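Each in structure tokens, the structures are laid out below.
You will see subunit A twice below: alongside subunit B first, and alongside subunit C after that.
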Partner chain A sequence: MKKRKEADPFRINRYDIILTAALAAAAVICVILFAGFHDTSEGAFVRITVDAEEYGIYELSQPVQIRIETDRGNNLIQIRDHQVTMLEADCPDGYCIRKGPISRIGDTIVCLPHRVVAEILSADGHADEFDVIAQ
Partner chain B sequence: MKKAILVMLICLLVCTGCSLGKETSERESASRELFAMDTIMTLTVYGEHAQEVLDLAEAEIERLDQMLSTGNPEGEIGTLNRTGKVNLSDDAAYLFEESLKLNDMSENAFNPMIYPVMEAWGFTTDEYRVPSKEEIGQILPLVDLSLAEYQEETGVLQFRKEGVKIDFGGIAKGYTSGRLMELFQENGIEDAVVSLGGNVQVIGKNPKQELWKVAIRDPQDPSGFLGIVRVTDQAVITSGGYERYFEEDGKRYHHIIDPNDGFPADQGLISVTVISRDGTLADGLSTALYVMGLNRAEELWKQHPDLFDAVFVTDSNELYITEGLKECFTSDTYTVKIIPE
Partner chain C sequence: MARRAAIGGVFAALAMIFSYVESLIPFHFGVPGIKLGLANLVIVTGLYLLRIPDLCLVALIRIVVSGLLFGNIYSLIYSLAGGACSLLIMLLLKKTGKFSVYSISIAGGVFHNLGQIAAAAAVTRIPVLLYYLPVLMGAGMITGALIGVIASRVLKIFFHSSKQFLH
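And now, the complex of A and B:
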């Protein structure tokens, strides 16, 4: 008698299966919703770093070309139509140019030989620093 | 085994619960980007019916742009400059009266009649040239607000002299951002931020329920900021020669022309930011203070410390703020000097 009772909580019955399925479904829906709201949406800013030091944060709404010249080499980054493109680079591999335009939050262009990184940020991805730029 | 599954599921539930909670606690919001008044504008509002309110905002911007653009011959200002006479709407009449105040306050450092001089420099067409002193000397007498006669009873504005032209471009964006804030509040929006080509105005709080953090562009470093000012219900408007200029024979000529002599202002300032509840005033004063230079700007502020605050950067790389900003301005790049009341 006693032994059977102790074993009971470890046996999976059909309510457990239903509960598990419901929870799993809820989790999946939540994850999809969460991703839909965040990870795949269009960014508002791009942060450029050179050798892991912040070089600048730019609004995607303001068309501009940013020329970065360091001892490692030269890069020309373009912001236009809400997209960021590596326009020119004299790096040996040219991967950064082939990456093409980026605009979604979290997207990056990396020029490894020159240690130049451009990362798309959300409107509040930089909010510890600021909300808007006066210029 | 079953325990492990349960623990895992509870974790999942808690995690997704958190993210769900975060989503639902965020208010309705909408953002829009549009081109008007020869610049890019971004508007973000938080509150109910955010999209509909932005539709209203866009229509209002369109209306004011049509009315105030010097490039629209059928608009109010276009008609005035073409024919020398027009019936002013309430908006344009307000801008004219504010111009008189700003002109008086700044001892002619702000003057909307500067337009013929801007034409001579090519700043109105982007076909830049350096006019001679004689040429400027001939045009400068047109830059005189007493040549514009406004009759309040009839609402008619009339020029007294041939060749006179007016341009409210120096305050139009500040006026527009102020109008947008009114429109937002009338329609139940509590929090909003707009940037009309870098002219910023905000109401309420940022999404983190803090003061809005406005980064101000560093005139010495187009990638960096001279500092951050934390504000609510304020316009933050920056003027600097670095915004628009051309070079000829190795000399740089920027677009902020001193109405007193018709040449680019050169009073030792490279950037002026005005922070004020009044967008029109902030816009007009940012150029006026730039033209006046630090000492006279300081005097003007001491006469009106309740009207505005300001951030100045001099050509010797010194940064000054008026005392009212003491608690809300920070800079990583400059040593901040405070102008006391």
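And now, the complex of A and C:
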């Protein structure tokens, strides 16, 4: 309003297009980095982590139910038919239950409020590049 | 001064009402942290109508109070990080004078989600949360664009009728 050279806030200009395209490109680069070079075949193990500590590594071929009880809350994880499902969780959002079954390498179920993570690993125990970062 | 406080209060109250309305609507996109961000409408509008310190205060009050009312201490921390990132980038972009409200709002939406997920990954030490980055960025662009369009409508009305009301 005051200065002449200020862009009209209600008119899309070329800077808007550049900025929006850059943000979209950044998102696409993330997709390629995370999914593009990464084996997505069926996994062999699941690693369960609770509050950044490894809770256990389980074989997908062995059906089992794992009950995790912490100060933050309770989760029940099921391994059946080579799939991992969050069966029960008393967290407020329930995203982990709604996520449904996972079975491919690198797939994760995260129960953020309880800090419980289930992550599918390959036969040689790898999931993804975050392994390296997390070390 | 009293006028500024009153108008700031109106903005903060409006933002909290939006937060409340949003907490009633069961939006579930399957990814934690994705919301329409109706309260950001007040922040984007305030970018053009309030002074910078007032706007920061409105954003802070909104996040802290609605976090305590409708969330928990962790969601409050994540929201604070997201809100700070979002506000900072929007103020910087606005300052350049080159961008319209639409792309400023889009960048605000993206950076809100970036700040939020970064804070969550750091606090919980769950690096795989970063897998949500692309989804959150895409969602931030869509919600940011929506908020930008609504904000432009609101601002046009303000600029045409009652700008003197604020100064």
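Side notes on the structure shown:
Operating definition for what follows: the second predicted complex is superposed on the first by the 87 of 135 C-alpha atoms of A that agree within 3 Å, B and C clash if a C-alpha of one lies under 4 Å from a C-alpha of the other, contacts with A are read in each partner's own complex, and residues count from 1 in each chain.
FYI, a residue touches a chain if its C-beta (ideal position, glycine included) is under 8 Å from a C-beta of that chain, and two chains touch if they have at least 3 such contacts.
This structure is a prediction, so every number in the text was calculated from the model and none was measured.
Of the two partner chains placed around the shared chain by superposition, neither subunit B nor subunit C is touched by A:R80. In the superposition on chain A, A:A123 makes contact with subunit B only, while subunit C stays out of contact range. By the touch criterion stated above, A:D16 is placed in contact with subunit B and with subunit C alike. Shared-chain residue A:I66: touches subunit B; no touch with subunit C.
Applying the stated contact rule after C-alpha superposition, one finds that A:G56 touches subunit B and leaves subunit C untouched. In the superposition on chain A, A:R98 makes contact with subunit C only, not with subunit B. Looking at the shared chain after the overlay, A:P113 reaches subunit C, while subunit B stays out of its contact range. Common to the subunit B and subunit C contact sets on subunit A are residues 9-12, 16, 19-20, 23-24, 26-27, 30-31, 34, 130, 133-134. Residues of subunit C touching subunit A in their complex: 28, 30-32, 48, 72, 74, 93, 97-103, 106-107, 110, 120, 124-131, 133-134, 137-138, 141, 152, 155-156. Note for the complex: subunit A touches subunit B at residues 9-12, 16, 19-20, 23-24, 26-27, 30-31, 33-34, 37, 48, 55-56, 58-59, 61-62, 66, 123-124, 127, 129-135.
Residues of subunit B that touch subunit A in their complex: 1-3, 5, 9, 12-13, 16-17, 19-20, 23, 31, 33, 40, 42, 44, 193, 195, 198-200, 202, 206-208, 212-217, 222-225, 228, 236-238, 243, 273. Note for the complex: subunit A touches subunit C at residues 3, 5-13, 15-17, 19-20, 23-24, 26-28, 30-31, 34, 49, 51-52, 92-93, 95, 98-99, 108, 110, 112-113, 115, 117, 119, 128, 130, 133-134.
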